[in-house]
């Protein structure tokens, strides 16, 4: 299967960012313990409204009133998994789109099984690294699982996971974003590639997790989910590039990264054009 | 009911800050998962000593030896609620003052009921946004709950919540701080207003939560709790103003905010005067 | 018992750092809720690969494939303690070295008992402040517990805990690092002292916890564990000194601290010499 891969136009990114800023989507975040603060700050900087609501007594009510839901299995455990499944069910009942970040899926069977079961619950989008996307696809019999991640880092390039991503999108109906040196975003038919960002971003914990949260913010009420997810990937990568220009290392990266997300104006993006 | 509202004098703030710095109060923090690191750094910068002790096996012992206790229901769940209630009971038995931050109360019934029950346990102070304070007051039949927050953000101004705050203070005996563009701090009789701070602070996660922790630090062994809570609100707002001068956005806000809290000297505040 | 205490040579630090950078050890981190993000960023900056895996269903599998395991009892509770003990058992079975950070042990009996039981499970290294090391040693009958910490801060100097550290190392076979104004690192026979670092580091939450994680990274596959732990202590202290030169306070400390860890090159350390 060949799929045209082309650069995502900045004008489309500008339109998408303008839409999110105007809507300030309420994003229900169920993510791992490590990145909660950075994820919330990233969503605020983009123009969304994050809320971490975690109790099984509350998640269903909140997923129903949220504009999008993020599920990240990074530090999964039984009680949190129960909350995630309740939140997903309520989101689906209410028509709230939800996004899956399959952190380290393929490395550990507990989360691999949990994520596999979630795939049947129709995520609007999936964002992972090469190893994770291959593992998800392999779990559905769509790929050979010849790559396994080392911890939370990928041992497969995004390019090596492209066909798995496309097959996963076709099988699940989700937009699949496999990120790495090049990000590929696909609905199984059309695939955008985004070759932006900087390797320093891999030395800052949570950039991938925060991207998944921004994917959720962009998927909220999106007229075109493929465009929305692609715009989220491009925006984070672009802010990363800007931040690297101000940074001496991973420590000084974080502050200008959040600033860039907050400051960047759709009209600036239109002037860059493509 | 009319209540005189006036500016809080900086000399009083200076005295309060000097007292906290001299005592380095040990603050037992039971807060949400998102803001723990930022809260601890804020308390350290102010001159307090934070400690997050969470197990039901430990909280009672620790609340008894702490100088103040913070309860923040942002990511409440059953086990943590049990720990909170044990900590509150032990704090009350030991005479340790405790502070309630009712994050998103009014939006979700589980935490709304939990916070309502806590109100009967005599918090020394309550710090929330307009929506949260109105929801707490409404739960006691003291206000009309015609505002509900959107997620964790307020949909009611602090001014709209002023009479609810005053009624809540009178009914509970707590100092009530309702924060927003203007902060109002009341014991139900006298009300201070603090018109400091900057809107950028709402784009940084945890500024409100960290303020509540600082309220706890100032309430510890306070000769006058209304002054203590007001000083905490003024100090955070003032540090925020200084940080905004150094910041390009929410990312670059955090570091100079913590620095300002650490560097600011009571004598500087006395020179500013009122 | 007298033990020679001498300065750790920078050339040895350079060799150790070069080794860790070459191996990029996968560090399984089971730490407290407050410092997870900072700990992960510190490990990434040093050149290690952090992964927080917490579920009892996953920890044993992961500890077995990790290169080192960190156990930090800062926000211990029953479910997490169960995961920690499963992880330790699996680490021991697989030959994965593990490191204990006994946060606030001696202050609260629940964690004191838990840490005491862990000591029998043969940690490769223990890193704590003076109060914590004395409390651990006292729990084994090796010291008088006449110092108890105030919350998470030490009330005993590292010097006052030196003999307790040496006795603890002899009794457990672990390398013991007692950190403070001077860090002492001992195997019970030989003791290195590291007089680097800066008091501002005590005003930033998690510097000690992050050091313990870096100790784990250095202990992974270490030819000489005493050298490895000493190098970890020296590296963190040295990066702290560099960061202080760029910082106005605790807020602006964090970013250059992480940058320094990332940028520092073994050859720079060799040029400094001793």
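In order of appearance the chains are A, B and C, and numbering begins at 1 in each one.
Following the convention adopted for this analysis, contacts are C-beta pairs under 8 Å (C-beta built on N, C-alpha and C of every residue); 3 or more make two chains touch, one makes a residue touch a chain.
Predicted, not measured: the structure shown is a model, and the values here were computed from it.
Overlaying chain A on chain C by C-alpha atoms takes a rotation of 120 degrees, rounded in steps of 5. Residue numbering shows that chain A and chain B use the same positions for less than half of their mutual interface.
Chain geometry summary: the mean Cα position of chain A and that of chain B are 34 Å apart. Annotation for chain C: residues touching 2 or more other chains are 33, 37, 79, 254-255.
Against chain A, the residues of chain C that register as touching in their complex are 26, 33, 36-37, 40-41, 44-45, 49-58, 61-62, 65-66, 79, 83, 254-260, 262-263. Those residues of chain A lying in contact with chain C across their complex are 32-35, 37-38, 74-79, 104, 107-111, 150-153, 203-206, 247-252, 254-255.
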